[in-house]
Amino acid sequence: MTTPILETQALTMRFGGLVAVNNFSMQMGDTDLVGVIGPNGAGKTTIFNMITGIYEPTEGDVRLSGKSLVGEQVALITQKGIARTFQNIRLFKDLTVLDNIRLAGHSRMKYGLIANILRTKKFHEEESRLKEEAIKLLKIFKLENKMDHLAKNLPYGEQRKLEIARALATKPKVLLLDEPAAGMNPNETADLTKLIKWVRDEFQIAILLIEHDMRLVMEVCERIYVVDHGELIAHGNPSEIQNNPKVIEAYLGAQSEEGEQ
Amino acid sequence: MSENVTYFFYDLFQYLVNGLAQGSIYALIALGYTMVYGIIKLINFAHGEFYMIGAFIGFYCLVSGMPLWMAFPAAMIGAGLVAVLVEKIVYRPIRHAGRIPALITALGTSLLFQYLGQGVIGADPKAFPSAIAEKTYMLGEVIITRTQIIIMVVTFALMVILYWLVNHTKTGKAMRATSFNMNAAELMGINTNKIISFTFFIGAALAGAAGVLVGMYYNTAEPMMGLIPGLKAFIAAVLGGIGIIPGAVIGGLVLGVAENLVVGFWISTYRDAIAFAILILILLIKPAGILGKNRKEKV
Amino acid sequence: MDYLAHLTLNTGIFIILAVSLNLINGICGQFSLGHAGFWAVGAYTGAAYGVFLAPEALPDFINLFISCGIGFVVAALSGLLIGVPCLRLRGDYLAIATLGFGEIIRILIMNMDVVGGPRGFTNIPNWSNLFWVYFWVVITIVFCANLLRGTHGRAIISIREDEIAADSMGIYTFKYKTLAFVIGAGFAGLAGSLFAHAQQFLHPNGFTFMWSVIILLMIILGGLGSITGAIVGAVILTILPEMLRFMGETVSQWRMVIYSILLICLMLWRPSGIFGKHEFNILKFFKKDEEATS
Amino acid sequence: MFKNSTGKLLAYLALPFLLATGCVKEKKTETQTTTTTKAAAAPPSDEIVIGAVFPMTGAIATYGQESVNGIKMALDKINAEGKLTKKIRLIVEDNKGEPVDSSNAVRKLINIDNVHAIIGSVASSNTLAGAPIAQENQVPMMTPASTNEKVTETGDFISRTCFTDNFQGVVMAKFAKETLGKSKAIIIVDNSSDYSKGLAKVFSEEFKNMGGELLGNINEYTYTQKDTDFRSLLQKVKRTNPDVIFLPGYYTEVGLMLKQARQLGINVPFLGGDGWDSPKLQELAGPEAIKGNYISSHFSADDKDPQVQKFVQEYETNFKQKPGAMAALGYDGMLVMADALSRAGELSRENIKKAITATANFTGITGNITIDANRNAKKSAVVLETTPTGMVFKQKVNP
């Protein structure tokens, strides 16, 4: 196996006495589509926050193509190639759809503050390049006609698409999706399933997905990690996971033991 | 050599006595800040003015011949009622709008009381009638005046009552519940609006008490008197751990003593600057204050 | 300089102060209550250059230029010195910390006898005139307007919108918060030295926390986050008190009461101020035009 | 370098402003060619307009209100006597005790009301803010109460009818050394007031010249305006056990400090300047603490001189409280101004200025006033003793 694009080793997070995540290890290839599932409070979002640098792990390591990310600033981790969406959509509500996308491209802009003020030739070149890229991306997501709308005025489904588009605008190597299907009705979820697969193929990037919607996970993910009370309890492809006793027990509670008595 | 050493200790005790007296007053005002912040996360800029209003109610009661034991509660209740009114009319409608609009409204209310006071009562300092005969007691070389003792005793008594009220009564339990989680408290059937006005009432009553005590201690009152002590009391509340009731007391006493030591052993010109420096240091090093725990912001 | 010209000049100085505070509070969303502190730093350093260092040979407007430059740089540095520690704080804590620093600056100046301390700083050369004040007013406005329509400006705005999301989009939010704070402080310093050379006399009590609140009121009245709002707010709240002066003694006595009522009513009924977040259509008309060309 | 978009924006925004400043600039440059000072529009000829700039609100509001009471009483007397051909119209502007408002008020009085002359203000820092503007517009400005040296150094149009800190400081230093026979003095300074610092400096130099010993340096024992707790400061002072304490502050803080000092067992006499002189002092300090202290001031309410007693009665009937020094100074200031107006002949500002400077031994209730070459008043001061019932006349000291 070549060096994985994203890898965590014995990742652990303690808040005071509470162990939120204990010894979580996983690997992802360049274009893998992997899911992380588990009951509420299992520590999934904490894992996400450790990978993206919002929390610094108490122990263990996070590596992007072999290089450790622990202790780096969130912004630098994003620039290195890990983009994310949020469970409760965090768009720049009062800014236009176009500005939301343009902001994601900020770190790659090549003109300084003075050029920004004096609006030099370099400024205009860079701005028009950024704008074209943004419009191209919006076309792909069929949002280009809503370019000047404020983000908060978009319908829920389109806001979710915009958030994914914005994450992609940072040109990531790995895209982290935090419960993208939350609050979606069945056919919206169906569109989302197609969209996620299509994004992985179109942009040739790895996608790590946290999700509760089993149909989406089983349909989309090639490999799945199952986490319960901060511990990794199972790992494998969708069919293995579906009939793994530990997974069922974690999800359905102690029913299977009663069954045995 | 020994003579300087004894002088040093006498001075030190004298500064401690002065510091504890001044600190008690800061603590009484700081309690109001901490309780209000604990409940609705609002830095009540106008709290210093409730202290001023309490002082003037006490002043006018004493001038009209009312004895101290009547003027004192009158000032507390009066300041408390003003606070309830302010909360109902000004703070309640703005509460949902977030912390900055609430802070700005509090700022506006504070200015309103200061300049209204100056317009109505007049800017010149009023001489507070000395309600009780002043007597000084000697502890070796250290001098303690009767007012200082009264301040410390009354402050201690009020804190004991407050501690009992918050921890051993039904309303106290409701107050603590509301400060932990307002929505959950509402679900449990607690009328949070009533609790919030009650908290404002208690906070302002304590500040009113501080106002009368200051009137007796420094025998002066003027409409702008609330500004600096108000800020200092806020520093004390943050020093002790904003939102934590015993923290306000500790913060107040520590700040009072620190100020007097600075004046005593160093030059007094930088006394206020040092108080602000303490505030900024706490905010940076241990924002939760002496008693508080640092809480990570949840994403 | 007669009364009306002086009033117009003062209005210009307060426009610079309001626009620069708007950059910090309105656009970057970092709530500062210490703006008068930077105004004081700029005023006193500019005046100190004017009184002690300025070579007679240089014509007035060059000396004024240098004085404004010094005022800008020193205030910007103090903005950096104060900003870096304070900008880790949030919302109301940041407000109180900046208030604390504003007071510390005033107390330090009060104790500096070389600049007159409590007696005030007298006979500062009278270099400011209407032309130069409004020259800097235009520069400040154009600076902020252009800044906002570029990537660095958008980065500053994103902090106000959602700091965590901005971080996750690869924007160094701390760097841009400090940048906005330093630029805001710098322009306040510039306004300070213009003020010093117009007023010819400075006193520490002229830069109290009250003046930070008044500048804050200007941008709230105009609309937090709108440059045009800051300009309109500054014009109204500089001319209004002088008009009150004509309404006889008693009315001007109640000036501050009127201000505080205005502040409360604004917050209760019109928190977004006159212009809310958007700009006067001159800029919008201009923006549409620009979209079409590039 | 500017793409068309910026050029357009610049034009859009710059145009209105440059136009506005453009026209004003013409007016400015032509005036700039004359000397930097230029006369404002000439005052009206049909009546005499006098501007008054005093702190009617703010920290030292009582001083402002007292001064204006004195001025208005003097005005009634002048108009009643009818010595002047025309009526005097007084315009009072409140500077709120703030330097910035003082300069705005002076500018407004000159350009809008184009007054003949200005009286005011009280605190030296406020007068210093307004004086350059009066000087620049060549409008005579007379302060009845600012004692700081620098005030009249601003220019030839600025004058005063009270003694200066130098004189007051010397009076008290002499009094402490010779009359009271004290030798170990300490000075407590209000470091947020130039009046206090000015007096402290003069007192310390004079006291040392006369062989007295000054304990600690000048700004070692300081406090700021609005302070209320001085116990720790006084404890430090007590430790140096001086035999006299010079406290040149305003009555608001002095009253509290006297009381707290007596409580701490400091029974040494305190000396002060005219900043103590207010009926409020007795109330704040309380009867025991007030005894046995001395101040220099302009005027003593119980001075036996019939003119003074008439003023005191008249003031008490009008304002229901005994007049302090500020009332007396306002009263005398207005009378000196009226006297100058009657001597000025044709009422141009230049003549009024000359007439003021030519004032010689004018007998006012605060003593006999002569304005010297650099427009300070050579006046006698009175030394008063503070007692529970008020200020008692101790001794008169001539310049």
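Letters are used for the chains, namely A, B, C and D, taken in the order the chains are written, and counting of residues starts over at 1 for each.
Operating definition for what follows: a contact is a pair of C-beta atoms (placed from the backbone, for glycine too) under 8 Å apart; a residue touches a chain by one contact, two chains touch by 3 or more.
These numbers come from a predicted model, not from an experiment.
Colleague: Max contacts between which two chains?
Modeller: Top of the contact-pair ranking: C-D.
Colleague: With centres defined by CA atoms only, which chain is the most remote from subunit C?
Modeller: Between subunit C and the rest, the longest centre separation is with A.
Colleague: From the mean C-alpha coordinate of subunit A to that of subunit B, what's the distance rounded to whole Å?
Modeller: Computed from C-alpha means, the inter-chain centre distance equals 49 Å.
Colleague: Distance from the CA centroid of subunit C to that of subunit D, rounded to the nearest Å?
Modeller: Roughly 33 Å, centre to centre.
Colleague: In whole angstrom, how far does the Cα centroid of subunit A sit from the Cα centroid of subunit C?
Modeller: Whole-Å distance between the two chain centres: 41.
Colleague: Averaging only over C-alpha atoms, locate the centres of subunit A and subunit D and give their separation in whole Å.
Modeller: 72
Colleague: Touching at least two other chains at once: which residues of subunit D meet that condition?
Modeller: 5-6, 57, 191, 224
Colleague: Can you pull out the residues of subunit C that are in contact with at least two other chains?
Modeller: 111, 146, 164, 253, 294
Colleague: Where in subunit B do residues touch two or more other chains at once?
Modeller: 119, 269, 272, 299, in rising order.
Colleague: Could you please specify the touching residues of subunit C with respect to subunit B in the complex?
Modeller: 31, 85-86, 88-89, 91-93, 95-97, 99-101, 103-104, 107-108, 111, 164, 213, 216, 220, 253-254, 256-257, 259-261, 263-264, 267-268, 271
Colleague: If we count contacts the way the header does, which residues on subunit B are in touch with subunit D in the complex?
Modeller: Its residues touching subunit D are 7, 11, 14-15, 18-19, 22, 118-119, 122-125, 127, 130, 134, 136, 143, 145, 214, 218-220, 224-225, 228, 260-261, 263-264, 267-269, 272.
Colleague: Enumerate the contact residues on subunit B facing subunit C in the complex.
Modeller: 43, 90, 93-94, 97, 99-101, 103-105, 107-112, 114-116, 119, 231, 234, 238, 269-270, 272-273, 276-277, 279-280, 283-284, 287, 299
Colleague: Once bound in the complex, which stretches of subunit D touch subunit C?
Modeller: Within the complex, subunit D contacts subunit C at residues 4-6, 8-10, 12-14, 17-18, 20-22, 24-25, 27-28, 36, 40, 56-57, 92-94, 98-100, 103-105, 107-108, 110-112, 124-125, 128-129, 132, 148, 150, 154, 191-194, 196-198, 224.
Colleague: Can you list the residues on subunit C that touch subunit D in the complex?
Modeller: Touching subunit D: residues 1-6, 8, 110-111, 117-120, 122-123, 126, 129-131, 133-134, 137-138, 141-142, 145-146, 199-206, 242, 245-246, 249, 252-253, 282-283, 286, 289-290, 293-294 of subunit C.
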